[in-house]
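Per-chain numbering from 1; labels A, B, C and D assigned in written order.
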Amino acid sequence: MYNWENIMIKSGTYWDLGLLVLMSIAVYYYMRKAGRGEKLPSIREIPAVDAIYEGVGRSIELDKPVHFAMGASGGQLYSSLVSMTLAALMLLRHTVRCCAKLGARLIVHVPGQTESIPLVEGIARDAYLEEGKPELFRREDLRYYGYSSTAFTQAISDSYARDGVGLNVCVGIWYTDCVMPLGAAAHYGAMNVGGTARWIMAYAFAMMTDYLLLASELYAAGAKVSDNPYMVASVASEDIGKYFVILVIIIGVILMALGVNMASIFAY
Amino acid sequence: MSMSEKTIWDKIAELDIRWIYLLTIILIVIPVVRPLGIPILVSEPVKDFYKTIDELPPGSVVAVSFRGSLGLLDEQEAQFIALWKILFQRDLKVIFYSPTADGEIILDMHLGKKVRPEDYGKKYGIDYVRLGYAPIGEPGEAAFALDIRSVFPTDYKGTPLDEIPMMKNINSWKDIDLLIFQYTSCTDVEIAIRQWVVPYNMPVLTMTLGCCGPMAAPYYPKMIKGFLSGSIAGAELEIIGGVPGPGAAMTDAKNLGIFGLIVSLILGNLAYWGRRLSKEGGE
Amino acid sequence: MAEVFIKRDLPLVLIFIIGILVIIEFFFPHPALSAIKAELGTWTVVIANVSIFLGLFYMSYAQYRLLQRQKTLSGYVYFITPFVALCLFFIGAAFPGYTSSPQYQWLYQNIYRAQVAMYVSLPLFYCYYAAYRAFRIRSIEALALMLGGLLYTFRQIPLFTYLCPPLHPIGEWVLLVPNVAGGRGAVICVALASIVVGLRTLVGKEVTTIEVR
Amino acid sequence: MSASFWEILGIWVAVFFTFSVLSFLWKDNPYFKFGQQFIVGVVVAHNILFAMKSVYDNAVIPIMTQGRWTLIIPIILGVLMYTRLHRDYAWASKYPTAVLVGTGTGVMITGILRGQIIDQAKMTVLDVFKSSNPVDIFNGVIILIGVLTSITFFIFTKEHKGPLGISAKIGRIFLMISLGANWSGETVWYLTQMTGRVMFLWHDWIKRAILGIG
């Protein structure tokens, strides 16, 4: 017996669906524009992006390696933080390319989730290949310390002390584990570039990095360094969503002031 | 003034940070060894937390979703011990279940050792039940609300729930009067919201770490009736509930430790502005 | 042609199909779809856990290369230490009860818990370090950060609220009003950006999922 | 209550590892390095033990007892992850990754629409009309302004000039206050943890294990 009620849209998800459709249309619109080679809105400057290149140069001058970390639990592929992992991986690709171009050594501290290791290694290998220097990839510079922020932060700090650190890039999903690496890297004279989209930990980056990627700037930076017109174009569609939210809030307040019960309208 | 001569500002700016570390450690050690006894004010979320439990009619059923973490126990132990005492003092039926393995270990450490239910005249199986540990994530929490037995067919000793007198008529969210939701990952508050508050309008109280307070605050008081964040909330609960515990001593120690931060802030900015102004003045 | 399809395009198709299935299930929770989604949930856990030995491999390999560069006594000690710890915990789990055996719990509590509890308090010193070295009040933003921080700190430390009771409501206000406002704005923007990344991934335009060879 | 031998030994072991972490504050030293290397081994062992149990519980048992043969697929996919170790077959690891990323993307998109966007907007609207108390209205309006301006700070495709520039600047101040509050919350939390450790050292180590009291 087929229960037709179950194929109806679940009550209480109309707004979700509406927003998703709106975002899909916006993404489609800008991607189509990019596909046709039309002019796209420019993304504002994000200083941290250029800082990575600059920091790699600095590391070479100091003869110290570049460190890259995505957080002890930064390799989440099937949780609702997957987008942050992907954005961090984009910045890994960028960092590798900068290092390959200028000839710096890069140490990648691999996140605790073993399932993300193939992706991390693949992207690092790819990026070296793209710069025509596959021989620079060294597997021992992908360091794994188990899935625990304790082991991860201690091992990173130890690595800063032992190998030295010129540029320290910390991006992605960070919990309490970000404070010690950022502090230790600063202590050993590194330039800190980083950020997380987890708002609760963003303060550590705001206080301790030289160049900050604040919240959703992380995603914009990830798209910007891709050199891929589709990626860049889709950032413009985020702004459509922001205008929509602003509009909803303003209209909501006006309607509430006129006596409409918004609580029940939002419940759809 | 020669270039090599160091001003007072330079000296402050180049101070070895380890002196501040040492100062902080000493400041923390002093009150641990000799408590100061500084009074504590009780904040609104804690007052509401206590009030919600206090106003439950006798015989109400309270479920405690306990995702404790051993590594983070220092921060919350005061809350737990105070809460267990408050729950056992009243005529309530309490169900404990642990979605984390550590939660079960903490309950082992507490119930019967640090807080003895027998001292309050409470019997296992009649006044309280421990369902044990099951790695239920958010879907498990939803399943628990619909049918407790689908997730925990037995208690922690392996006794089927139907053989436990207290659990006879307790099957789902309908038979639970209050959920106390404890978590250590700040975003987990949304699990309680999504699986208990939104679908069933269940009265929910949450207990969490101090750092998760700002994340829990937006849901209070509409969606969660009250929350405890950090050991200070534990100390506040000890006071309002009249159950002395370790929270007060811990809060005392923080009183002095925070001065390390204030000293660093002042010294750092003094050095910066001193250097800057003296440079501007000199030129 | 076929090689490109198998090596690059088919995984992208897989991402699209699975992602769309999960999304459709959310809006139209048909029992069949829900069953598929639940199955997928189990699959992800199993896949992730089966891959666990990759970690052991990468850890061992980095340790081994490190030893090759540093063949001193301390080099050997550092090389062997993780493996000793590893064996110790495996032995602990060999007792009846696996990881719940008293032997394993003893090791876990006294070694791991001690380390975690200490590690969680270390950031305190780095926060002080940052306050001393990096935190300069030279702009209105920095002032706002410090005010927000200090006012909420005062509310959390009983000594301050005891000496000056109004600090309590002021700190509470910072927590519940401006903090909520700023945090909400940031969370909304992050969520929108995440959705865009998600849609990009679904249609196969996310570079990190395409290019991996 | 006198403590048993194992209990006392446990305290000494815990103290040993506690000081190993703490010693990094002084400087990087062999004692810290030893503790650090040891804990990596501990964590890897712990992860492996739990992962094996999870595979056994979630896949092996259902296959053996319920005949859920489909669960062989994720085991095979998991094994494919190891192809990454060989350059010629590394592409095969894209399949398990695709299953994970596909699921993750779906879960993420559906999970955040309501909780992190719509509900946040809703609460912002409702906060203004929480009650007729002037203080509540004032707070609600502050939140409204803060949310709107901080969103404008994150607009990437328009230059922050004119009204947008002013709005973004105000938004930035709200963001900074929020960062400050989080910073303070976390710092006090670390302080509590440190206090907890000092209490452990004082009560358990010095008083119980060394002096034999308490």
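In this text, a residue touches a chain if its C-beta (ideal position, glycine included) is under 8 Å from a C-beta of that chain, and two chains touch if they have at least 3 such contacts.
Not measured: the values here are computed from a predicted model.
A comparison of C-alpha centroids places D closest to the centre of the full protein. For chain pairs C-D and B-C, the one joined by more C-beta pairs in contact is C-D.
Of all chains, the one whose mean C-alpha position sits at the greatest distance from that of chain A is B. Centroid to centroid, with C-alpha atoms defining each point, chain C and chain D lie 4 Å apart. Centre-to-centre separation of chain B and chain C, using mean CA positions: 21 Å.
Chain B and chain D, compared by their mean Cα positions, are separated by 16 Å. Chain A and chain B have Cα centroids lying 31 Å from one another. With touch defined as above, residues shared between interfaces to two or more other chains in chain C number as follows: 23, 26-27, 41, 44, 47-48, 51-55, 59, 109, 112-113, 115-117, 119-120, 122-125, 127, 129, 131, 133-135, 145-146, 153, 156-157, 175-176, 179-180, 183-184, 186-190, 192, 194-195, 198-199, 201, 209, 212-213. Counting partners per residue, chain D has 21, 24-25, 33, 35, 39-40, 42-44, 46-47, 81, 84, 90, 94, 96-97, 100-101, 103-105, 107-110, 112-113, 117, 121, 123-124, 144, 147-148, 151, 154, 175-176, 178-183, 185-188, 191, 193-194, 196-197, 200 as the residues that reach two or more other chains. With touch defined as above, residues shared between interfaces to two or more other chains in chain A number as follows: 13, 16, 20, 77-78, 80, 82-83, 86, 112, 114-115, 117-119, 122, 145-148, 150, 154, 176, 179, 184, 199-200, 202-204, 206-207, 214-216, 220, 235, 238, 241-242, 245. Residues 13, 15-16, 19-20, 41-44, 76-83, 86, 112, 114-115, 117-119, 121-122, 145-148, 150-151, 154-155, 157-158, 161-162, 176, 179, 184, 199-204, 206-207, 214-217, 220, 235-236, 238-239, 241-242, 245-246, 248-250, 252-253, 256-257, 262-263, 266 of chain A touch chain D in their complex. The touching residues of chain B, counted against chain A in their complex, run 71, 186, 211-212, 214-215. Residues 15, 17, 20-21, 24, 38-41, 43-44, 70-74, 105, 139, 210, 213-215, 217-218, 230, 232, 235, 251-252, 254-256, 258, 260-261, 264-265, 267-269, 272 of chain B are the ones that touch chain C when the two sit in their complex.
By the touch rule above, chain C contacts chain D in their complex via residues 6-8, 10-12, 14-23, 26-27, 39-57, 59, 74, 77-78, 81-90, 93, 98-99, 106-115, 117-125, 127, 140-142, 144-153, 156-157, 173-192, 194-195, 198-199, 201-202, 209, 212-213.
For chain C in complex with chain A, the residues that touch the partner chain are 23, 26-31, 44, 47-48, 51-55, 58-59, 61-62, 64-66, 112, 115-116, 119-120, 122-123, 125-127, 129-131, 133-135, 145, 183, 186-190, 192-201, 203, 205-209, 211-213.
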